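Heads up, the next two complexes both have chain A, just with different partners, chain B and then chain C.
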Partner chain A sequence: MLRSLLSDDLPRSRWLSLALLAIVIGLAVAPFAFPGAKSLNVAAKICVFIVLAASFDLLLGYTGIVSFAHTMFFGIGAYGIAIALTRMGVKGPGGGWEAIAIGVAAALVVAVALAALIGLFSLRVRTIFFAMITLAVASAFAILASQLSDLTGGEDGLNYRLPAVLRPSFSLSDGTLFGASLNGRLLDYYLVYAVSLVLVLGLLRIVNSPFGSVLMAIRENPFRAEAIGYRTVVYRTLASCIAAAVAALAGALLALWSSQASPDTTLSFDIMVDILLMVVIGGMGTIYGAALGAVLLVFAQNYLQDLLAVLNKAMAGVPVLANLFHPDRWLLWLGVAFILCVYFFPTGIVGRLRQKR
Partner chain B sequence: MLETQDLTIRFGGHAAVNGVTCAFRPGTLTSIVGPNGAGKTTYFNLISGQLPATAGTVRLNGHDITGYSAPHRARLGLGRAFQLTNLFPDLTTLENVRLAVQVKSGKGLDMFSRASTHRELTDRAREHLAAVSLTDRADTVAATLPHGDQRKLEVAILLALEPDIFMFDEPTAGMSIDEVPTVLDIIAAIKKRGDKTILLVEHKMDVVRSLSDRIVVLHQGKLVADGNPGEIINSDIVREAYLGGAADA
Partner chain C sequence: MKRDLLPWLLVPLVIVAALPLVGSAASWVTLTVAGLAMGLMVFIMASGLTLTFGLMDVLNFGHGAFIAVGAFVAASVMLAMGSWMSADSLALNLAAIVPAILAAMVVSGVLGFAFERVIVRPVYGQHLKQILVTTGGLIVAEQLIKVVWGPEQITLTRPEALRGAFLLGDIAIEKYRVLAVVVGLVVFAALALTLNRTRIGLLIRAGVENGEMVESLGYRIRRLFVGVFVVGSALAGLGGAMWGLYQETVTAGIGGQVIVLVFIVIIIGGLGSVGGCFVGALLVGLTQNYIGFLEPKVALGSNILLMALVLMWRPQGLYPVARR
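Here is the complex of A and B:
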C-alpha cells in the first residue's frame, strides 16, 4: 500500500523518512497544533511551494531542463482563478465553484499550450540557450500581466471573494477545537493540503514510471537516448507540459488560499530563484528534496527574522554581535546558510542523507 | 537489406565520406576496415542517423531513410554500439539495459504505472546482462564500472534493442585480452542466427579475418576495396591504405 502510494520510491534513509513524516503530519495538524493566522498562512504556503518546487524538480532534476519560466506557469494558475472569480463573482452561498472550475481549466489549457509551444520550438537547442529563451518569455509575460491592467489589475493585482465555505466568516460549528476556530479558513487549508498531497504523490508516480526512466536517460545522455530510439524532443516537451500544469495548479491553490493574485506574489523572478534554491538545497532529482527545500525556505523567510530578534535581544549590549544579529540582517544570514548548505551538501540534503544510510 | 548509394558528407571542403555505394545483406558479417581517419565511424554515423548526409541515400529494405532521425532509424531496426563508450552514467547497469528493452515494448510514454511493476522488461534486461556476463554488476552505477565492463554494457544495450542490423564500432577497443572473447562470442552467436545483418568496424586483423564474410576497405572517405577476407587482407590496396595512412600520420 505505502510502496504503491510512493511508487516504490522509498525515502531510503531513516532520517529522511522521519523528516518526511514530520512534514506530512506537521502540516496535517498545523491548524490545531499552531493556531493563529500567521502559522496557518505559513503552513499553506509550504504546501503550495512543495508542489511548485517538486514540479520544477521534474524539469531540473529529472529531465535536466533548466527553465526560468516556471513561475510564469505558477502565475497563470493564480491568475486563472483570480480572473475567473473577479469576473464571474460568487453568487449565493454555494456559488463560485463554477468560476473556480473554469479558471483552473483555462489556466491548465494556457499553461500546457504555452509549455508545448516553448518546448517544440526551443527544446532542440542547447541547455543554456533554452534557459535564456525561457527567461525572455517569462519576463515578457510578467510585463504583459502588469500592463493588461483591465484584465489583471496591473501591478496591484486582483482581490476577489472566495466561495462562501472558504471564507473566515463561514462557521462549521460555534466552538473551537484545540484553540482553532472551525471556520471556512480551516476548510480552505485542508483543501490546499489535500490537493498538494495528491499532486506530490502524482509527481512521484510520474518520475518512477517507464516515462520517468526515459526522462532520466535523457538527463544522463540525450545523444544515446536518441540513438536507442527515444525522440528526446517529445519527452522533454511532455515533461515541460506536465511541470507547467502542476505549477499552474500550485498557483491556483495559492490563489484559492490568499484570495488575491499580483505580479509580486506569483510572477516575480524572486520566486523563481526561491524554487531553484529549494530544489538545489533539498536535492535535485528526488522530489523529496523539493519538499524539504520548500519547508526550509518558507520557514526561513517567515521566521528567521523572529529568531534574529531573539538573538539580538539576548546579545543586547555586546557591541558587534548585537548588530550582526539585527533582524534586518535576516537576508544576509539566509545567504550564509545557503552557501554553507550547497558547500557541505553538494547533492542536496536528500543526497547527503541517502549516502549516510 | 541495408544499402548506401553515393553516400557523402562534407565538412567544409573536406569530404569525410565520399560517394560510398555499398549493400549489406542479412545473414552476413561485413567488416569495415581502413586507417584512422578513413571515415569508418562517420560512415556509421550517416547510416544510423547521427549525422545528416550531404548527398546520397541510405535505404533500408528498399525504403529511403536518408531523411529519418536517429531515433526513427533505431526503431526501424538499426542498432548501433558506439566506439567511445556512451552510456547513461548515473543509472545502474540494469537500468541502462532496461531502457533499451523498453523502447521495443513501446512503454516509454506510460506515465502512470510504476516502472518496477513491468517485470517482463526487467527480466529481459537481466537476460541481456547475463549474455555479456554482467549479471553480478546489475545494481552498479554505470559510471563506476571498469572500462571493460562498460564496453560489455555497451554491447548489452545493443542486444537489448533486438535490431535487424547490428553496427559494432570497435567493440573490443581498450578491453583486456581475456575480456575480448566474451564480445567476439556474442558477435559470432548473432551471426550464427543467420538472419541479422552485422557491420563491424575493427582494427584487429585477426578478429576481422576470423569473423568476416566480407571486408570493405575505406580510405580517405572512399570505398577502395570490397571482397572476401582472403583476397582483401593480402591485397596491395589494403597494405597501401594502411601503410600509406600510417606514413601520412
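Here is the complex of A and C:
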C-alpha cells in the first residue's frame, strides 16, 4: 500500500524517512500543535513551496535543464484565481467555486501553452539557450504583469474575497480544539495540504514511470538517448509542460490561501532564487530533496532572521561584521551554502543521507 | 572568405524604416541617438560575456555582479569628489569621472579574476553546474554589495557638463548619450583591432573556432581565457558605471535588470561572436526606443519579439560561431 502510494520510490534511509514522516505529520497537525496565525501561514507556505520545488526538480534534477521561468508559471496560476475571483466575485450561485474552476482551467491552459512554445523554440538548440531565454521571457512577463494594471492590479496586485467556507468568519462549530478555533481558515489550510500531498505523490508517480526514466536518460546523455530512439526535444518539452502545469497549480493554492496575488509574492526573481536554493540544497534528482529543501528554506526565511538578529546584536560594535549578520542578509548565507552544495554535495541533503544509511 | 554583411545592413534598415513610422524628423533623430547610446552601453557589458562563452564554453550568469559592482564603485568615487562633479567646468568634471570609471574597471576586473578562480574554474565543461554556481555567485555578490554599500539605492547626479542637450534647430540630442555613443564606438574599435590585428587577437579567434587545435600548437588557452575573462569583467564594470550615470540611480538589483538585455543581445548576435553582439546590441537599443515611443505598452515585449524573429531567421543567432 505505502509502496504503491510512493510509486516504489522509498526514502532508502532511516533519517530521511524520519524527516519525511516528521514533515507529513507535522504539517497535518500544524494548526493544532502550533496555533497562531504566523505558524499556520508558515505551514501553508511550506505546503505550496514543496509542490513548487518538486515540480522544478522535475526539470532541474530529473531532466537536467535549468529554467528561470518557473515563477512565471507559478504567477500564472496565482493570477488565474485572483483575476477570476476579482471579476466574477463570490456572490454567484456557485459561491465563487465556479470562478476558481475557471481560473484554474485558464491558468493551466496558458501555462502549458507558454511552456510548450518556449520549449519548442529553445530546447532544440542547447539547454544553455533555454536558461537564458526563460530568464528573458520571465522578466518580460513580470514587467508585463505590473504594467497591465487594469487586469492584474499592477504593482499592488489583487486582493479579493475567497468563497465563504474558506473565510475566517465561517465557523464550523463554536468550540475550539486544542486551542485552535474551527473556522474556514482551518478548512482552507487542509484544502491546501490535501491538494499539495496529492500533487507531490503525482509527481513521484511521474518521475518513477518509464517517462521519468527517459528524462533521466536524457539528463545523463542526451546524445545517446536520441540515438536509442527517443526524441529528446519532445521529452524535454513535455517535462517542461508538466512542470509548468504543476507550478501553476501551486500558484493557485497560494492564491487560495493568501487571498491576494502580487508580482512580489508570485513573479519576482527572488522567488526563483528561493526555488533554486530549495532544490539544490535539498537534493537534485529526488522529489524528497525538494520537499526537504522547501521546508528548510521557508523556515530559514521566517526564523533564520531571528538568529541573525541575535548575532547582529552581539557584534554591534564591529562595522562590517555587524552588517554581514544583519537580519536582512539571510540570503547571503544561504547563497554561500548553495555554492558549497553545488561543489561538494551535488546530491544535496538527501544524497548525503542516502549514502550513510 | 566571403563576408556575411546581411545582419549589418539590418541596422540602417531599422533606422530608415522607423522614420515614416515616427513621423517627425526631430523626434526620429532623438530616438535614434538614444537607441544607439543604449545599444552601445549594452554592447560594452555584453562583449566580455560573449567572448568568454566562445572561448571556453563558459556562460557566466554572475556577469551582472560585475556590472553592479562597477556602478557602485564609480558612484562612490564620484560622490567622494562631489565638488568637482558639480563644478561648471568640463575639465574638472572629467577629472572626477575618469578616475571613477577607471576605479570601476579595476575593481570589476580584480573581482572577475577572483570569480574565475573560485567560482568558475572547478566547473569547466559542466553546463548545468556552471549555470547554478554562477547564479549562486550572483546571489552572494548582490548581498555583499548590500553589506558594503547598504541596501538603499544611491542617487547619482550627472556632472554639469554632461547634463542637458545639444540643440540643433528643433532637434535635441542629450549630451550624455553622445558620450555613450563615443565610448561605445571606441570600445568596439579597440576590440575589433585587438581581435583582428594583433597576435593575441589571432589566438583568441583561433581559440573560439577550435580550442583544442590552439592548445596542441603549444599555447595555453586557459591563460588566454583568464585574460579575456578579466577584460570582460572590467568592461562590464565600465558598462555598469555608464549605465548608473545614465539612469542616475544605482541599486543592488542593477545587474539583474541589465543582464536580461545582455542575454538577449548575445543570443541575437550568436553566442561567441563580437560582431554579432555589436549588431544585436544596436538592434535591441534601437527597436526598444522606437517602439517605446510608438507603443509604450508593447515596448517590454519588443526585445523578446526581436529575439524570436532573429532566431526564426537564423536559429543560432546572426553570426553563428563555427562548430557550436
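Convention: the second predicted complex is superposed on the first by the 314 of 357 C-alpha atoms of A that agree within 3 Å, B and C clash if a C-alpha of one lies under 4 Å from a C-alpha of the other, contacts with A are read in each partner's own complex, and residues count from 1 in each chain.
One rule holds in what follows: a contact is a pair of C-beta atoms (placed from the backbone, for glycine too) under 8 Å apart; a residue touches a chain by one contact, two chains touch by 3 or more.
Computed from a predicted model, the values in this text were never measured in an experiment.
Undergrad: Who does A:His326 touch here: chain B (first), chain C (second), both, or neither?
TA: A:His326 contacts chain C only, not chain B.
Undergrad: Using the superposition on chain A described above, determine whether A:Ala227 touches chain B (first), chain C (second), both, or neither.
TA: Only chain B; A:Ala227 stays clear of chain C.
Undergrad: Now for A:Tyr235: first (chain B), second (chain C), both, or neither, which partner does it touch?
TA: A:Tyr235: touches chain B, not chain C.
Undergrad: When the two structures are overlaid on chain A, which partner does A:Leu144 contact: first (chain B), second (chain C), both, or neither?
TA: second
Undergrad: Given the touch rule stated above, what does A:Ser4 touch, chain B (first), chain C (second), both, or neither?
TA: So A:Ser4 only meets chain B here.
Undergrad: So, does A:Asp306 touch the first partner chain B, the second partner chain C, both, or neither?
TA: In the superposition, A:Asp306 touches no partner, neither chain B nor chain C.
Undergrad: By residue count, which of the two partners contacts chain A more extensively, chain B or chain C?
TA: Between chain B and chain C, C touches the greater number of residues in chain A.
Undergrad: With both complexes superposed on chain A, which partner does A:Phe211 reach: first (chain B), second (chain C), both or neither?
TA: First partner only, chain B.
Undergrad: Quick check on the complex: what are the chain A residues that touch chain C?
TA: It comes out as residues 60, 64, 66, 121, 124-125, 127-129, 131-133, 135-137, 139-140, 143-144, 147-148, 269, 273, 276, 280, 320, 323-324, 326, 328-329, 331-332, 334-336, 338-339, 342-343, 346.
Undergrad: If we count contacts the way the header does, which residues on chain B are in touch with chain A in the complex?
TA: Those residues of chain B that touch chain A are 48, 50, 69-72, 74-75, 80, 82, 86-91, 95, 98-100, 102-103, 107-116, 118, 121, 157, 161.
Undergrad: Going by the contact rule at the top, pick out the chain A residues touching chain B in the complex.
TA: 4, 7-8, 205-206, 208-214, 216-217, 220-221, 223-232, 235, 238, 242
Undergrad: Could you please specify the touching residues of chain C with respect to chain A in the complex?
TA: Where chain C meets chain A, its residues are 59, 61, 119, 122-123, 127-129, 131-133, 135-137, 139-140, 143-144, 146-148, 151, 256, 259-260, 263-264, 266-267, 271, 297, 300-301, 303-304, 307-308, 311, 315-316.
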